[in-house]
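Naming follows writing order (A, B, C and D), and every chain is counted from residue 1.
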Amino acid sequence: MTSAAASRIKAGIVGGTGYTGVELLRLLSQHPQVELTAITSRKEDGMPVADMYPNLRGRVDLCFQTPEKAALEDCDVVFFATPHGVAMSQAKTLLERGVRIIDLAADFRLQDTQVFERWYKMPHCCPDILAESVYGLVELNRPKIAGAKVVGNPGCYPTTVLLGLAPLLEGGRKLIDTSHIIADCKSGVSGAGRKAEVSTLFSEAGDNFKAYGVAGHRHHPEISEQLNALAGGPVGLTFVPHLVPMIRGMFSTLYARILPDALDTDFQALFEQRYADEPFVDVMPAGALPETRSVRASNQLRIALHRPGNGDQLIILVIQDNLVKGASGQAVQNMNLMFGLPESTGLTHVAILP
Amino acid sequence: MTSAAASRIKAGIVGGTGYTGVELLRLLSQHPQVELTAITSRKEDGMPVADMYPNLRGRVDLCFQTPEKAALEDCDVVFFATPHGVAMSQAKTLLERGVRIIDLAADFRLQDTQVFERWYKMPHCCPDILAESVYGLVELNRPKIAGAKVVGNPGCYPTTVLLGLAPLLEGGRKLIDTSHIIADCKSGVSGAGRKAEVSTLFSEAGDNFKAYGVAGHRHHPEISEQLNALAGGPVGLTFVPHLVPMIRGMFSTLYARILPDALDTDFQALFEQRYADEPFVDVMPAGALPETRSVRASNQLRIALHRPGNGDQLIILVIQDNLVKGASGQAVQNMNLMFGLPESTGLTHVAILP
Amino acid sequence: MTSAAASRIKAGIVGGTGYTGVELLRLLSQHPQVELTAITSRKEDGMPVADMYPNLRGRVDLCFQTPEKAALEDCDVVFFATPHGVAMSQAKTLLERGVRIIDLAADFRLQDTQVFERWYKMPHCCPDILAESVYGLVELNRPKIAGAKVVGNPGCYPTTVLLGLAPLLEGGRKLIDTSHIIADCKSGVSGAGRKAEVSTLFSEAGDNFKAYGVAGHRHHPEISEQLNALAGGPVGLTFVPHLVPMIRGMFSTLYARILPDALDTDFQALFEQRYADEPFVDVMPAGALPETRSVRASNQLRIALHRPGNGDQLIILVIQDNLVKGASGQAVQNMNLMFGLPESTGLTHVAILP
Amino acid sequence: MTSAAASRIKAGIVGGTGYTGVELLRLLSQHPQVELTAITSRKEDGMPVADMYPNLRGRVDLCFQTPEKAALEDCDVVFFATPHGVAMSQAKTLLERGVRIIDLAADFRLQDTQVFERWYKMPHCCPDILAESVYGLVELNRPKIAGAKVVGNPGCYPTTVLLGLAPLLEGGRKLIDTSHIIADCKSGVSGAGRKAEVSTLFSEAGDNFKAYGVAGHRHHPEISEQLNALAGGPVGLTFVPHLVPMIRGMFSTLYARILPDALDTDFQALFEQRYADEPFVDVMPAGALPETRSVRASNQLRIALHRPGNGDQLIILVIQDNLVKGASGQAVQNMNLMFGLPESTGLTHVAILP
């Protein structure tokens, strides 16, 4: 074994049959410092990954395995691309073997277990591990993630809303009316996952637009918990997600009312400075009009600020690829950080346009 | 009760939760001579149809009912928009009560029960009724349909292939090499129905193109049986269906080699004369390029002939809306004929473009 | 000539080569009380309409003509489906001949000519006619439209925003904070018209989502002028339009803050009562989630109210087909009213789903 | 300057405002051995490339320049992503300066200048350079390309048809009836380029399917010239291109009749052996059903063979991304070969799915 191979991170994926799973496979199979060692699916045991995902033909030789066969405990890191509840049930065993965990589901997103239990309809089985886990939004939590053993990878909507609002709330700033923030968010259909459901059939979701989850969406408490922490107090958020007839892409239109004392603020400068050193956050010129395809299949997130008539209404437009920065790319970004690699390693793909 | 209402056809639908069902509802609810009296769905018993299909809000007041409650035997006609096998199981009872039957599934399409059983994996339970049933392709079987008690509504692909080839084969004509006809067909995704399946999810079928069923598709034996009947002998057909990322629409590109003795034939005139009096078959000018949207949501089928370089290769382009002329519109056309109404009654909607 | 034919409305269309033009043709060609007598296009003079719009083959026999040949002055009504500025240049002549005018462009939407000139970059050439014209939003202006000689057909966005907010503002009601209403609106691509432009190419607008016109959109002053009139004073509106990768459909998500004194209001009842007798406005049950396809190709507009946590934030969801209720269907509705016909005549098509 | 930098290939692009241009930029900006030095557009002189193509923000710093300023003669290689006729007009000057040329338009595809002139409606201005140029289909012409100074990059359709048929025709094989081969081809809309045209608007090409160019398409003579060369005699080809409502992707369904003496051939083995060492041609298992998304944004081309009922009809399914293997990826593959680099350098991106 060469020293190069020896130094590669051994990565396993639990439950890789969904979209975040295949996207992890795409990213990790091209990552120069990763060796993909196992991928589990109880149902597809023995099936070559490339049979399910033909884009991986000739690139990924792994077969799906049952968790029993997969020897996940020999991995350096295990990604959970599973339904909610799976990661927490396996976390203890893996941690005891020194395996680090990145969960793409919700098990380690919400610190308040009562909130978790209300929204996910299951008890949290390892509150002690949860207490030590870190919310994996790199741009907010970089130092903690670098030392984390368990990372809860953020939801897609929360990533856009939090990065779009953080500069306005951090550091005790009193810039906007935090009692009535509006997040009007739009997601491509892949955000609903690769489940066989009528509502996301081509003939149902195509050539159509709708809101959903207005009465309550699981990402709402996740956003709120983080916003409250950023602002140091309760933030009032109205959150309306919509479904867009496109495969990938997320667009959040955020509305905040500027406080009278803050009308002189140079918001453009504020945002530019806040994200100046962030490799994956692009603050566009004031008044720019980002489009989701400009980040398709890349880990980039772009922000553009608008202030019509220079009045008291601030509009923040945020875009990302929901499967990359909103899920699997962010997970790899977290992994890079946790293993001391340059944060952009394996994440520099240029977006696909058209 | 006025005499007008008295004379309306009482129509019932069995299994109206799929796309052919909702399309029947759209057409029948606007049909001036039809009274919709019942729609069954064991699973959705009690649910207003308009809750499942909000386009019918304010237009259709029916609720789904179990077959037991629906009193189908009081209908004049019952449409089966069900999985294969349902219509034949209920046909005898309904016929005894004088109800006419139009089956949109395959139970009464194939006269050869052995072929039926091989392709549909179930025995045919009423070969006697099958023998008296009529294949409901109006343009080929008008007189028989007018007197039929049971009509097997054609499959979507067969409708395009048969109407595209009939003028070449009818009447003992020897115009093309019938041993090697090619039908390269393309269908919108609604043709796969409203079943929860991964392969027809928006994120799977969108921005994608593929062939399917190349090794064998159920419409192949249906087309072959009819072609053989038209030609008075065996016809060799290669049939390759493809899936197009659009909701509605079907496009068949048919390739036939002209026989040496037939090279002088005026194929354009042949097709124009054959379909001169057909209200729903439009033979376009020679060399025209039909597009599926030109028939979207209408019962029209269009044909265009091409003969590159005036050589021996004939290309026939055929388009339809797979849910209308390829399914529910054709079923209503059959009903009109069976009940002595003008064939176009309730079927004159102009196609939706764009 | 029979009396039935004699009594039909003779209708002409100026500039029918765009999407509102073909939609007018679809609707008027199926309207039982209309005789289409002329359609003009200087560029396409002599071309059969059905050659440009193959969905009209066999249904519309007209050819495009130059305005000189078209004898528009013999029409009872002329629809302008033209760029801004055309209708006002021809209005005087037509009015002198007793022809009524429905303009689908902006010439007769804004009563304030200074605002018109700022946004449309042209002087208004007939302020006197403008002063007598009526803003053609039937549900707000029914009596005036019935007597109008010139109707300015509303823009697509204004139709949704105005009907979504009217019950909150009419009659001097003090229910919401009118200083900060937000309209986050989403439109299908057909709203951009049938112009050859890069930004609306399939490969640009497909699989993509973006905002546009945030710094200023021509529908903003139109909405504001009407809102101010409804509220009897200045209304503060933030308006952000977005482009959805679908052909038809418009979805407006409206956010209004309920005033403290109005927290007890039954908004659902308010809306239901306001629109109880409107044939084309459907107030859905509280908490419903409308989808644009439920009105595809129909003149229906649907509204659903949400009030998360029963708090002070009211969310109003409004959908329509931008080419029908948002343009050509509304124009026909206006025509029906102007000529004393039942308002729904020719507009009862059931929406196309899927 | 380090030796690494010194050894990088200096590449220029003429006319980079279209889809093949932006795709070249995406690929070359990530190519480890290339330095992008110039990109020209007379119309967009001075505009940063990343302003037109926001996916390149932060990745490509170049601005468009006029050809005069661009110093193309200092490049090692110049790609022409221009309309037909531009490359041949500049070829002589560049060649004299030692610059190698890869033309993505048609100037160096057809060796027969009479055919070129008939189809492209312009005289060929440098038949001498044409005679020395090489048709850049690597899998057929690898040795010649390695030594070429001018490469005519193949059209997208020809790439699929030629690679799908080559194993059947090469080496004087008599396997299929070469008088009547059928190529039923389907392309995503990006194949039509980034020109402002009505026919490729989202609202025209979306939710629609059509054939085009049936009477004659410029890729037909290109395919025929190469097929004739492969077969050593005239090949009869019927070619019908169709437009699919997807952005990227090409699917060709090829039909060939097996000659009676060749019925025992193991076609699967023939294809597998022919392409065993090709990095970008994937012969799938017999009976496989490739889908275009499995190669989206990658340089891979996949082939699957079908022989229904083991009869005499051979069906070859071929897929590629029309902008990559069908255009810009193939151009980079040619460049690698011309400059002695490993052929896959910079072309190993995993396809994007979903």
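Here is the rule we use: a contact is a pair of C-beta atoms (placed from the backbone, for glycine too) under 8 Å apart; a residue touches a chain by one contact, two chains touch by 3 or more.
Source: prediction; values computed, not measured.
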Remotest chain, chain D as reference, centres from CA atoms: C
B-C against B-D, pair bridged by the larger set of C-beta contacts: B-D
Centroid spacing, where centroids are CA-atom means, of chain B and chain D in whole angstrom: 40
Separation of chain A from chain B, taking each centre as the mean of its C-alpha atoms, in whole Å: 46
Length of the line joining the C-alpha centres of chain B and chain C, rounded to whole Å: 37
Junction residues of chain C - those touching two or more other chains: 19, 188, 190, 194, 203-204, 206-207, 245-248, 290-291, 293, 296, 354
Residues of chain C defined as touching chain D within the complex: 19, 188-190, 194-198, 200-207, 245-247
Interface residues, chain C side, partner chain B - complex: 19, 22, 26, 29-30, 53-59, 190, 194, 206-207, 247-248, 282, 284, 290-291, 293-298, 300, 302, 348-354
Chain A-touching residues of chain C, taken from the complex the two chains share: 180, 182, 184, 186, 188, 203-204, 206-212, 214-216, 238, 240, 242, 244-249, 251, 253, 255, 257, 287, 289-293, 296, 306, 308, 313, 315, 317, 354
